[in-house]
Each structure stands twice: as structure tokens, then as C-alpha cells.
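You will see two complexes here that share subunit A, one where it goes with subunit B and one where it goes with subunit C.
Now for the complex of A and B:
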């Protein structure tokens, strides 16, 4: 065998090992969600008669309501972010509006530790008597979803030539109509990716939810964490609850992977 | 103002308005809180205490312990993620067969909610019910993953499981966007694969590599869910990370003024990283 062939087999073996490492925990949780309590005591059990008891239990415990609240928060957050972010990203990219200070603010807000903002949100929620409702949570999620969505869109607007808007202006469009009807449709794929990614970020966040909506309006990640302490560790039902949270976003993520890089780097890395 | 300026301002206004309420207001309120003795359980108005919270936070051994723990965690996790991410990206770049599905599956962990990842590993690593300790026992190995001395490393490995895909994503993009001619020229001149990687590919990859490392480090600093799901800071205070420590001060002890001062100390530590990241990204995006 030549060196190149040996390197090739090593590479395949390595990728196979990586794939197993990624899939093993996911498959494990999926199996556990169909096991009864006695079956869970035997981790090596691979073939067994599947039981739907865990699934019935999590549905009765209100996992779908928690998922609904998560979807509502993520939906509202990402809609506001897309509307406010697309106009701003357009003028930041094409007109250099706002300068370096605005761009720095947008990036800094994305990576700001949530410990900085969470206590003011909690205190204000108490003062305004909206504690343990979804309203403060929506504002908290806007603090990171809005900058991420805007940053994504700046990257996508950067790849649209300025001449497109100029041509539309010659054709009699106002600046706003040129943006809305001519330039924005060019970045629809990027906008779609930004919306799905922003939704995922809000859907996956637990820290703000744990502090701002700990009980009555618990969102999905907080509800999942609840299975950890409720009557000891309910491994089977916890596994079912985990899958409820994981399946929709992992499927959605398949559609946006190609555009993520350009978005995350704000156009600095093209794919 | 010219009409162009008016247009720019109107387009920016919604973003600025939402950001003022969602980021600006809480940021300034946090600054105010950090200068008072505000506590959720205390009756009556909070009193202005000046820099007292900062003095007590800065002299709090627990906070410095948490900063050290977090730094160790980030260093271990991000180093493993960088090396593994680079190896996987290089392998994927050459791979032809079942390309898209392999990539999609390898990237999946980064889209899972971190609390689910934490609980999954708590389950997998459980001494009695977990698959991994059982597998190891059948091989005659006994290892306490969440025990004293091992717990922080285990948490870092959970981070590696979830976030190596992020490195792969960015590095693969970097690899596929760098020009191929220098590598081909070197190959024609008889250079070996390792030499080409070290002297040509790696230097060309440095901009993307540094951005990926910075983004990962800034995110790993916020680690909370894995600690909450598995160790709750223990054994002792071994896995008390800064975000968890601040959460405890604010939520379990209701000392919001002190917790806010800790958050600003954290911010002061990460600010240089954020500035460095911005200069990296802004320079390459606006060439």
C-alpha cells in the first residue's frame, strides 16, 4: 500500500469513530425513552419490547405546553429581530451607517455574559409585576437574538452589489422600496438561515428561563431540567422530554448548515 | 440632514430602539444595582453603597476560585476542540462518499439544547445505570467520572462533544475558501503532506482559526447548563464556574447587588477578548 492509501484508511477510520461518538449518546437516549423502569436498570439491554409509558407521562406532565411556550417566545423574539435587524443590517452593510461603534456594539451584545443582564430583568419584572411571565423572557432573549440575526444579515448584505440598489433608484424606486422590493429578496436565503438560527438560540436557552420563568411559565429547557429532581431522576421520561426538545431543531439545522458560516462570521469567512 | 442621512437613521431606528430596551436599559440598571445593597428579600429601598460590592467581590476567594475553574475549563475544552476540529475538518475536506449526510450528522450536537446534553451525559456516566461505567467495568477499569479530581475534566469533555462541531463548521469553511494553487505547486515540487499542512495550509488558516478559537472561548466562559445538570458545583467547589457562582449569589442568596458587581468583573475580564475578536472580524469583512 502507498502512503496515500494508508492515510486514506486512517482518515475514514477516524471519521467513523467521530460519527459513533456523536451518535452513541443520541441513540442511547432514544432507546431509553422506550424502556420501562426495570429495563433501565440494565444499561446493556439493546433489544426489548418498546413501551410508550415514558412518552405518555411527559405528555401528561405538560411537555407540549412547555414546548408551545418555548416556540411562542422564540417566534416573537425572532420576528422582532428579523424586522428590526434587516433594515439596520442593510444600511450598516451598504451605507456604512452607524460606523465601527454600532458594529462593535452588535458583536459585543452577542457574546455578553448573560449574568450581566439577568438580574436587572428579574428586578424589573418584579417591580412591574410581570415576574414568572413570558414578557421579560422575550426581552431577555432579544438581547442576544437581535444582535446575532443582525450580524448574520450584515454578512449576507455585504455580498449584494451596491449597483443593484442604484439601478432600482434609476427605475424610480424610493430608497426604502429599493431595499424592500429589490435588495431584500436577494438575501432571502440568508434571512431564512438567520431566522432558523435565531429561533434555535432562543429555543435552546435555559439560563434566562431558569431565573425569569422558573415555575408557572416554564419553557422547554427548564421543564426538561425539572425531570432531574422530580421524584429522584426519572431517566425514562427525562429521555423522552429531551427528544421533544432536540428533534425539531436538529431537523431544522440540516437546512441552514451551509449558510451558517457566512452568518456567524458576519461575512468575514465565505463558504 | 440630507435625505440619505434621514433614510439611514430611519432604517437603524427599530434596531436602536429594541436594543435600548433589551440591552442598554438592563446594562445600566445592572451598573446601578452593583452600586447598591439591593437584595430581593430585603424590605425598604436599596441603599447606595458605592464600590463596597466590588471590594467584597474582588476579595471573595470563592469568586477567584470560580474564575480559575472557568479558565481551566475553557483552556481544556477549547484546546481539545481546536485539535479535534482541525483533524475532522481536514478529513471531511477529502471525503467524497456520503459527504452531505456525514457532515450533517457530525454537526448535529451544536444544535441540541445544552441542558439536554448535560443530562444525557449525567445519565450515561451514572455509576449504576450508566452505559459507559458499565462498559469500563467489563474491561476491568473503574473510573469515577464526576468524582473529586475528575469532574472538571469530564465537564470539559461534555463541552468537547457538543462544540467540536462548531470548530469543524468554521474550519471546514476556512479550508475550502483558501486558494489551492500553493499546495499544488508544493506537491509538484515533491513536498510531503505534513510539510504542506504545516508550512502552507496552517498559516493560511490562521485568520479563521483565531476567530473560531475566540468565539468558542467567549461561549465556553458562560458554561452553566452542564454544571447545573451534573455536579451543581461539586465535589466541594471543584466545578463552580463563574456563571454558576454568580447564579448562586443572585438566586440562592438573593444578593443581586453583589451578583451584579461580579458580572461586571467578568465583563472587564472578557472585554479585551471581545475587542480582539471585533478587530479580527471587522478587518476581514471590510477589506
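Now for the complex of A and C:
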């Protein structure tokens, strides 16, 4: 065997190991969601008569409503982020707005632990009488989704030649029209990826939801955590609820994986 | 229809002057080429006419209307960029028709006009393609099509040919000239290539460090350059410059070489000689040594060393006999071909 082939097999072995590590918990959760309470005590049980009891319980407990609220929060958050973020990313990329530091400085808020930010949000929500509604949650989510979406898009705008906007301005359009009709279409793939990426970030966040919307308008991750009751963890129901949360993300990631790598590695759209 | 007038146009970033108090007229229908080495302010001047760059002081007028403070879209101009700046997400037809979207032209009419222009540029069969599916020359023509569809007052070209290979560049150059003559639209063209400037322009403007070095027809600029800079910038290979003194009938270099040169001017002088005006004769006792011979088909460029000075001569390929690398030659000036320059100011001297 040549060196290249040894390296190849090593790589495959490593990837296989990584795949198992990632897939194992998901498979385990999927199996658990179809098990009855007694069967759950036997983790090694692979073949059994699937039961839909957990699923029925989860749906009756209002998991879909929680998922709906999560989708609403994520949808609004990401819409605002996409509109404000694409404009911000463009001026940071092409006009060096805010200087060179803005490029990465925009992520500075990420350095703060959410625990620092959540208290002001909560106080503000109380004062404005909007506590335990989705509104403060949307603002909280914007605090990390908007910077990430903006940062993600900067790389895509970097690869749009500046002459494109100038050409459109000479061709008779205002700066804004030039941006909208000519520059923005060049980053549609990146924008799509950013939207899915931002949606996932908001969808997966539990911390802000737990504190800002603990009861009446609990979002999906909070509802899932609710299966950790005083009687112990309701493993079966929780597993079913987890799958409800995970499946959309897995499907979304499948669509954006290529753009995701591109965005994170600085973006290089070829013309 | 369009005249462009620059009055005292000045551009500076802080203390750095890019373009210095430029006064220039571009008559209706003229084809003017701004040429100069990189950093001479020619592109900035063009972009100030386009409105893509603000003017520090002075004014830009198009058809006697002051457009200094207007956005590019309100100046009735069209521009072709070096990289063509075709809209990658649009087809050829949509690219050509795009400026008409700004004027709210009905979609059907826009399509018909774009198709006519595409046909006239030989792009008729490619209208459904995206720019990246076209060759460089075709992309270039789409950019020109998009520029002419609005029937602008002025065409602006920013080194539009420099991304093409040599052969295509020459072809496109003559096409471009034919289109401009047919439409009669005032054109301003920026290039760093003096050969391109010579072949395209009615009038060339040689620029240096933000100022105009010389304005004139290519024949004037080539035939009587007003400074050493223009003399050596225009023409290829570049003009030879020899330092020496004149006494009315002969020119003598400090090393003691002399040639007959009749002139009213006396004293220290710089003599400029086009390479084709420097004549060589094989001579074992000659003062200059051949360092290199480059054959360019019918002619050859001969590089010479005369004491400390490097000289170039262009000779007919047939006259190369007896000349070889390392050989020595004697030099003669073609009668009446010497350009005289002031040794301090480097400006042209009469006679």
C-alpha cells in the first residue's frame, strides 16, 4: 500500500468514527421516542413493537403550538436580520463603513454571555408590560442573529465588483435601486443560506426563551425542557419532542451546507 | 449631441492632489483619449465627468448645463468599465435593455430596441445567454450595446480594451471607432496605452501627475511633443534622448561624439531622436555597441550602448546585414528629424 492509500483509509476511518459519534444520540433518541416506559429501561433494545404513545402525548401537550411560536419568533427575527443585515453587510464590505474593526467587531456582542443581556431584557419587558410575550424574545434573538447574519453576508458582498453598482448608477438608477436590482441579486445564494442559518440559531435558542417566556408563550426548546418534570425526565415524550425540533434543522442544513462553508470561510462567489 | 466642458476641475484627498485645476473642452461628436502613466489622474477625471467621484472645486458642464452636483443617473451619460460590469444575473438581452428600465420604457419596446442593438453588434443569436457564457470580445460588445441603447449625450470608456488579448484588442478597437463615427456621440476614452490613444483619437490629451502635459491630434503630439515626458511617453520604442551642446552647425556630447545639426539654438540642449531616425552603419571603429537585436518581421529593434547612454534604433530587416550583437556601429541622425529640448525645463525648443 502506498502512503496515499494509507492516508485515505485513515481518513475514512476517522470520518466513520465521527459519523457514528454524531448519529448515535440521534438514533438513540429516535428509538426512544417509539418505546413504552418499561422498554425505555433497556437502552440496548433495538427491535421492538413501536408505540405511538409518546408522540400522542407530546402532541396533546401542545408541542405543535410551541413549535409554531418558535417558528414565528425565528421567522420575524430572521426577516428583520436579512433586511437590516444585507444593507449593513454591503456598506461594511464596499464602503468600509465603521472602519476595519466593524468587520469582526460586529460579533463582539457574542462574547458577552447571554446571562448578562437577559436581565435588562427582562426588566424592560416588565416595565413595558410585555413580559411573557414573544416580543422581548424577538428582540433578544435579534441581539445575536442580526450580527451573525451580517457577518456571514460580508464575505459574499466582498466578491461583488464595485463597478457593478457604479454601472447601474450610470445606467440611470439611484444608489438604492442599484443595490436592490443589481448588487443584491449577486448574493441571493448567500442570503438564502444566511436566512436558514439565522432561523436555526433562533429556533435552537433555549436560554432567552426559558427566562423571557417561561409559561404562557413557551417556545419549542422550553416546551421540550418541560418534560423534565418533578417526577423525573419523561424520556419517551422528551425524545419525541426533540425530534420535532431537530428534523426541520436537519432538512435545512442539508440545503445550505455548501453555502454555509462558503460563508464561514469568507465567501468566494465565482462569476 | 453633447459637449463636455471642464472648468478648473480639481480633485484632492487631503493634501494629495489627484487632478489639478483642469480646463478641457470636449466638442460635440469628438473622440478624445486621455492617456498617461498610471496614477496621472486620467481615470479620476473620467469618473468626475461620470459623477462617480465628487469634484473638490471647479465645475463639469454637459451641454452647457452645470452637472457638478448631479448624480450619475441625471447626467445622461453611458460608461463602459474595464471589467465590462455586465449584470451576471441577467441575460444578454436584459443587460442591453437594463438602462431602459430606469426610464420606465414599456417592456415590449425595450425588448425590441435591445434586440435591434444586439443584431447590429452581431449578438443576435446570443441574446438568451448569461454574460459568463460569452467570450471576452462578446462581453465587450454587450457592454457597448448597453451603453448605446440610451442614446446618451456622452460615452465614457475606462480602459475598455485592456482585458482583451492583443489580436482581439486591435479588432475591437476599429469596431469601436466605427460605432462611434456612425453614432457621432461625444466620447471620452481613458487608456494607459499610447498606441491605442494614437489610433483611436481625433484628439489626445496626455496627462502627467494630475495636469495636462499636451493636447493635440495624434500627429501633432507625435510630431512635435512639447516636453521630454510627452516625447518619451508617446511612440514605441520610446524616443532617444541625448544630452550635449549645440554650436549652430554641430551637436556634441560631453564624451566628445559629434553630429552635424543645424540650428539657431546654441548651448546646452537635449536632443530627442525617434528610433527610426537613428541610422546605423556597421563600422569596426564606431562609437556604439549593439547589445541586442529583436526582429519584428519587417523591422528590427536594435539596442545600443553609447558610452553611458542606452539608445534604440529601428531598422528595416533588409538593412540588418553586417549588424550583429556585440558589433560596433557608427550613428547618424536623419536630416531634420531631431527634436530639441531645454536641458533644465525639459520643454520643447523652437528649431
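The criterion applied here is as follows: the second predicted complex is superposed on the first by the 244 of 271 C-alpha atoms of A that agree within 3 Å, B and C clash if a C-alpha of one lies under 4 Å from a C-alpha of the other, contacts with A are read in each partner's own complex, and residues count from 1 in each chain.
Convention: a contact is a pair of C-beta atoms (placed from the backbone, for glycine too) under 8 Å apart; a residue touches a chain by one contact, two chains touch by 3 or more.
Everything quoted here is computed from the prediction, not taken from an experiment.
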Simultaneous placement of subunit C and subunit B on subunit A, clash or fit: fit
First (subunit B), second (subunit C), both or neither touched by A:121: first
Touched partner set for A:14, first subunit B, second subunit C, both or neither: first
Subunit B versus subunit C as contact partner of A:111, first or second or both or neither: first
First, second, both or neither for A:257, with subunit B first and subunit C second: first
Contacts of A:182 with subunit B and subunit C, given as first, second, both or neither: second
Subunit A residues touched - subunit C or subunit B, whichever exceeds: B
Minimum distance between Cα atoms of subunit B and subunit C in the superposition (Å): 8
Intersection of subunit A interface sets (partners subunit B, subunit C): 271
Parts of subunit A lying in touch with subunit B, wherever the complex brings them together: 3, 7-8, 11-12, 14-15, 18-19, 21-23, 25-26, 28-29, 32, 40-41, 43-44, 80-81, 83-85, 87-88, 90-92, 95, 97-98, 100, 102-105, 107-109, 111-124, 126, 139-140, 142-143, 146-147, 150, 154-155, 158, 175-176, 179, 200, 203-207, 210-211, 220-221, 224-225, 227-228, 233, 235, 238-239, 242, 245-246, 249-250, 252-254, 257, 260-261, 264-271
Residues of subunit A that touch subunit C when the two form their complex: 161, 163-164, 166-174, 177, 181-182, 185-186, 188, 271
Sites on subunit C touched by subunit A in the complex: 50-52, 71-73, 77-79, 81-83, 85, 87-89, 98-99, 101-103, 131-132, 146, 150, 156
Complex interface listing, subunit B residues touching subunit A: 3-4, 7-12, 14-19, 21-23, 25-27, 29-30, 33, 38, 40, 84, 87-88, 91-92, 94-95, 102-109, 111-117, 119-124, 128-131, 134, 161, 165, 169-170, 173-174, 176-177, 193, 208, 211, 215, 218-219, 221-222, 224-225, 228-229, 242-243, 246-247, 250-251, 256, 259-260, 262-264, 266-267, 270, 274-275, 277-278, 280-282, 284-285
